[in-house]
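Okay, so chain A shows up in both of these, paired with chain B first and chain C after.
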Partner chain A sequence: MTSVNTSSPTSRRHFLAGAGAVGAAALMSGCVTSGSTGSSSQSSGGAVSLQSNLSSPQAKSAMQDLIAAYNKRGGTKASLNTVASETFRTQLPTYLTSATPPDLMTWYPGSVADGYARKDLLLDVSDIWQTGELAGYSDALKKLCTDTAGAKVFVPASYYWWGVFYKKSNFAKWGVQEPKTWDEFIALCKALKAKGVTPIGLGAGGGTAWVASAWFDYLNIRINGAAYHRELLAGKHSFDDPQVHKVFDKWAEVLPYFDPNGTALAFQDATTAMLNNRTGMMLIGTFFADAAPKDQLDDIDFFQFPIIDPSVPVAEEGPTDGYFASARTRHKAQVKDLMSYLATAEAQEIYLKGSSGTSLPTNPKAKDSGTPLVKKGRALIESAADVTQFFNRDSSDALQPTADTALTKFLARPKEITSILTAWQRDAQKIWSQ
Partner chain B sequence: MAVLTANSRARRGRRRATRVPPVVLAFVLVPLLAEGFWVFWPALQGFYLSLTKWDGVSPPQFVGLANYREMLHDSVFHTAALDTVLWLALFGGLSVVLGLGAALLLQQERRGVGFYRAALFLPVVFSLTATALVWQAMYQPDGLIDRTLSGLGLGHLAHPWLADQNTALYAVIVPALWRQIGYVMVLYLAGLKGIDPALYEAAKVDGATRWQQFRHITVPQLSSVNAVVLSVIVIDSLRSFDVVWALTRGGPYHSSELLSTYMYSTAFQSLRLGYGSALAVVIFLLAFGVIATYLVRAFREAD
Partner chain C sequence: MTATEHRAPAAPSRAAQAPAAARRAPRVTHRMWGTAAFHTSAGLLSLVWLVPIAVVLVTACRSFDDIAANGLGTLPHSFTLGGFRQAWVDGGQQQALINSLVVTIPAVLLSLLLASMAAFALSRYDVPFRRALLLLMLSGNLLPPQILLIPVSKLSEQLGLYDSLYALIGVQIGFGVGFYVFVLHGFMRAIPPEIQQAAVIDGAGPWQIYSRIILPLAKPALAALTSLSFTWIFNDLLWAITVLRSDSRMPITASLLGLQGQYVSQWNVIAAGSVIAAAPTVIVFLRFQRHFVAGLNLGAVK
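Let's look at the complex of A and B:
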């Protein structure tokens, strides 16, 4: 404190100059920030801006190929702006409500899109669904892209599937078969455990707690059916209903076979554990293959989540990805042109070629990557009586953290399920009443 | 440079004038304007938002004090508040004790002491998120810590440190502390350098023991540094976010939740921006309250 009194005028002057410089820098950086947000969110010179959350290297370059191919056709031009997926997720409401929004954005159809459509934030693109290749899309997809008011607000581009993945060589070595029913599944778990293998890997730690929701989703659609599942997630039932208790009773039956580190490892580490033969199998989506070594991919196979109640129509999780446009776009005609293009077989094949190739095109005429694994996955979804998206996509991104808390707690303390479900319902109610 | 010379000429010209030179005025007002626009205005908006219900999309809805009333019955808020107090006590207390200890050990100019000072200060230079990634790898099942334990024959202690509700909070404090100690040490080193050696010599002549010297010279002489350290620690504790978010995201099931992480997840994951703003206001009041009380007391003593 005394040093201030003894400091020379020179140092004080330096301090003032420094403070002035800092202030000016702050002002200038302020200008830069506001300038860049202005230009990134509103396309310049008539080009349609596409804001993409596909930030993993393969997917990003595939998107660049796709936009380059579109621009080569002449006519409308498009520009791609890739944002880190976590940033994109938190910023999406801001994008949609800003006065100068990006024209087109990557996101999910169904309940999430409908939530924005009900707030009049999405462009009605029903007309492009009447003609061209979109008219040939399946009825299930048409329904998925329609909002509660009956307007189409979404264009799907690709989907993937979830299944219980395992290594063929390991199952052969252990002398076990793919199970079809819940009892066979439990018998398989017992057999693996007897051989000293941890039967089920999870991967709900290290920031990917949402992976555990796949177990909840599948058990719920197998026991209570897809219709009940969607209603539950929409707030029409309560998480402390007896039906939901049944889900956790079934889950508790296989809990002893779960990897005790299930909530400590992220899904990437959990899949590595499976590929290194430390765990027997895991319920996961095909996206895990992006990180798996290429030479292991041929050894990977999956089976359908076991049937629990044969009287419940079989539903599968087939999350769909695609695009919606902002209602405030100033390029309505151009953005619709781009959306129609993104729905073509040509566009979807360009994307699949550039990306890891484990997802499936939504266009019925587009060719998938053709590997046995992808063919099996396509058959799984096409044979399903109903297709659900995933916990957050069938409800909202805001509801996901409530599930993460409830499910990780259940995995650690299954005996406290009654209080866990009461707390889950209370947390979910806060989100629904928002 | 032009600004500098203009400034000095102005000083010389108006040595006896009471009017503040316009350049100095500009230096004060321009940053104040920038600060007002980029800091105070958003902060005031935050206060307003805490009185609303807002999902970030629809227009905010005024709800009065409902958000604050909700806090009274929110068990997660209670956990987060308790954890924040625990964090303040452990993280703050230990970093003062260990930082002062390190400063006392390293204050003498001996050969190689610069190396140790630099080594202790080095973690401050790293981004806390990068630090957290390294620690996450160490805490992993089969990570460095578990393997060291089993190598020492303590395999039964191996543990999913970050995934167990009983250890998660403490496992997160360690990396935060690892960084903070170096920072506090540097502050105290500077303070120790400012103490007049004559005081110690006089004490030695009077036959004071080492402990008496520490208790009656070092501690009182460091009181001005203490004010700085206290402010730094309270602010750092209450805004501790990056390391917790990177390691546990407040989990498992809220067991390592701090007010800051709860504020973030409420506002940006649950999209309850009104309630999130109310939490931010509470954090602000806590930080401001603690520091203001201390400063008022310190100034009163100085008078």
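Let's look at the complex of A and C:
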């Protein structure tokens, strides 16, 4: 009990992962507490409890503003409860199967929410999607929040986008332009390498191995399309298919331009390397802006991941965050009221104003933070024919480690791709057949 | 240090015996080299231990923009105590530290009280099945706590204690008592039976023997266990996040985890938070240092 939690953060994370696995195992075996009328605090009062994983100080205070605004309206009251995102991730199955669950929780839509919905753990909120501001949401979001049974179980609140980020001042200094196509991208990499700069930073080390999945996702949706990508992650195709081999063939073309420290540095350190002009650009989500000093934010710009096959409909990664409610909530009507409020333009603007402001509202009428970067990002996602979430959100948290292993191996030994993909398929099959 | 001091007085007498000195000189330099090597390697080793602590202290005093611009591994370009303020106020460490102490102090006192009573009975009286009981407690310690996470969480829910500090205190006592009994049993068994017999002749009952004879004699063991259990319970994260859900009730370890963002971590705030979280255990360690070291070999010799 002691050796585990006195040591370094890494082992703590490993340990939490273990704890999460235990939680998941309990969920799998249907270990759901049923009896117990319970006298836990969140069911005794009239307030709706919102369990939030937005634990970074800025996001936390933005959520506090949001809940304060809701409570000021009168009527239903809500109480916010913020726990560490790492704790939240491992404890979520426990929250959902508990006899006195939190009423509302922050999490992801799509296949992750669907996985819980299929176990009857989520509240069906189809009725609030019929009226009010949710009715005006885009069809893509409506589809994203619907489970396999056809019920809406999720209310989206914000999303962010991925792009190849760089420093404007550096591109001007090096005399290079944003590339549009794959060939232009390779030419850009060559030009940067000729100037003695490492063209592409990665940041897939030190606990953020998942960052490398962005490259896999993007290459796959550019080459094989978003539909194939989703099917692949759902287990309908095999990772040793020829289509997947094509993804890695393309990746191998730019691999010589990757930072050799790419799998050693965590993405925050990789961000620093780019800001210090050691690397030219990196494929990353907008959350990385939180890791940049405030005075450098105006110098940061991004371009769309280059087009490889023009005949494939352009899809972008736009991971969406939002809320789902527990099926066992004792405040069904109040929870729905709060969820409707969280979907309004007013609520989303309050949150964006308080947070770091690099995410986008899901409500089409809500204003974003209005910086040129955010405007460009919103245009990118709105012009996309399809929007994918991210590797773990389109599949499951259980599949992500298999990708991390495979991609890390590929980055180290690209020649062994055949055996790597066979091993990946074998590992993934174990997860899918659970 | 001690080696050189011991040798110093011996040197003049050696110089007096001229022929012998010539013969011994190589051995003396040999020994000097050995001492130097020992001190250098020990110094380097302690440096390895101290560097991470120094890095944490330095990082805690940097601004986030400095870390973001120059990287974590560079020399500091700024000095601010803002990280401490952010961890203490915005990160909620003030409340978390209070929660930690509210859990730790009663848990330490109660578990040692219960454990000393159990150990007293098991070591001084012929309780039936005492061997089996002790083995049961030992085997409880060998059980990895991870496999009990779900049962503990569900049980605390059934008892209506979930998400309360009582649940955490209860769990900490439950999981600590076995080990403390085992250690105290070993210690109390070594107390000569004649002392107890004398007390019995003087008319003392079991309660008086326990509170006035055995307990004072077991003080060294209790002090060592106090410092050990304080550190263990204070540093525990696992049980806290298993039985608690509200941020206002989380102890310091869980709130330290909360300082980490979903994607980006403000290393200066986390480092400052770690310093705050480590302070109480360091204070307890310094206060009970002697017993702490004694505690390490408690139970080593039966």
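FYI, the second predicted complex is superposed on the first by the 390 of 434 C-alpha atoms of A that agree within 3 Å, B and C clash if a C-alpha of one lies under 4 Å from a C-alpha of the other, contacts with A are read in each partner's own complex, and residues count from 1 in each chain.
Simple rule for what comes next: a contact is a pair of C-beta atoms (placed from the backbone, for glycine too) under 8 Å apart; a residue touches a chain by one contact, two chains touch by 3 or more.
These numbers come from a predicted model, not from an experiment.
Participant: Looking at the overlay, does A:Thr408 come into contact with chain B only (first), chain C only (second), both, or neither?
Facilitator: After superposing on A, A:Thr408 lies in contact with chain B but is clear of chain C.
Participant: Can A:Phe216 be said to touch chain B (first), chain C (second), both, or neither?
Facilitator: Neither partner.
Participant: Between chain B and chain C, which one contacts more residues of chain A in the superposed model?
Facilitator: The partner with more contacted residues on chain A is C.
Participant: Contact-wise, after the overlay, does A:Thr94 reach chain B, chain C, both or neither (first, second, both, neither)?
Facilitator: After superposition on chain A, A:Thr94 lies in contact with both partners, chain B and chain C.
Participant: Using the superposition on chain A described above, determine whether A:Ser56 touches chain B (first), chain C (second), both, or neither.
Facilitator: In the superposition, A:Ser56 touches chain C alone.
Participant: Applying the touch criterion given at the start, work out whether A:Phe287 contacts chain B, chain C, both or neither, answering first, second, both or neither.
Facilitator: Touch partner of A:Phe287: chain C, not chain B.
Participant: Contact-wise, after the overlay, does A:Asp269 reach chain B, chain C, both or neither (first, second, both, neither)?
Facilitator: Both partners.
Participant: Check whether A:Tyr70 is in contact with chain B, with chain C, with both or with neither, and answer first, second, both or neither.
Facilitator: neither
Participant: Could you say whether A:Phe390 touches chain B, chain C, both of them, or neither, answering first, second, both or neither?
Facilitator: Neither: A:Phe390 stays clear of chain B and chain C.
Participant: Starting from the residues of chain A touching chain B, keep only those that also touch chain C in the other complex, and list them.
Facilitator: 1-2, 19, 22-23, 26, 90, 94, 269
Participant: If you look only at chain C, which of its residues touch chain A in the complex?
Facilitator: It comes out as residues 64-66, 68-72, 86, 90-91, 145-147, 149-150, 153-154, 157-158, 160, 162-163, 175, 231-232, 235-239, 241-242, 245-248, 250, 253-255, 257-266, 269.
Participant: Give the list of chain A residues in touch with chain C in this complex.
Facilitator: Listed in rising order, the residues are 1-2, 4-6, 12, 15, 18-19, 22-23, 25-26, 31, 33, 35-36, 38-42, 51, 53-57, 59-61, 81-87, 90-91, 94-95, 98-100, 102, 267-269, 271-273, 275-276, 285, 287-288, 290-296.
Participant: Which residues of chain B touch chain A in the complex?
Facilitator: Listed in rising order, the residues of chain B that touch chain A are 3-4, 7-8, 11, 24, 26-27, 30-31, 34, 37-38, 53, 55-58, 75, 136, 140-141, 160, 162-165, 194, 224, 249, 251-254, 265, 268-272.
Participant: Which stretch or stretches of chain A touch chain B in the complex?
Facilitator: Residues 1-2, 9, 13, 16-17, 19-20, 22-24, 26-27, 30, 90, 93-94, 96-97, 116, 119, 121, 205-207, 209, 260-261, 263-265, 269, 397-398, 400-402, 404-406, 408-409, 412, 423, 430-431, 434.
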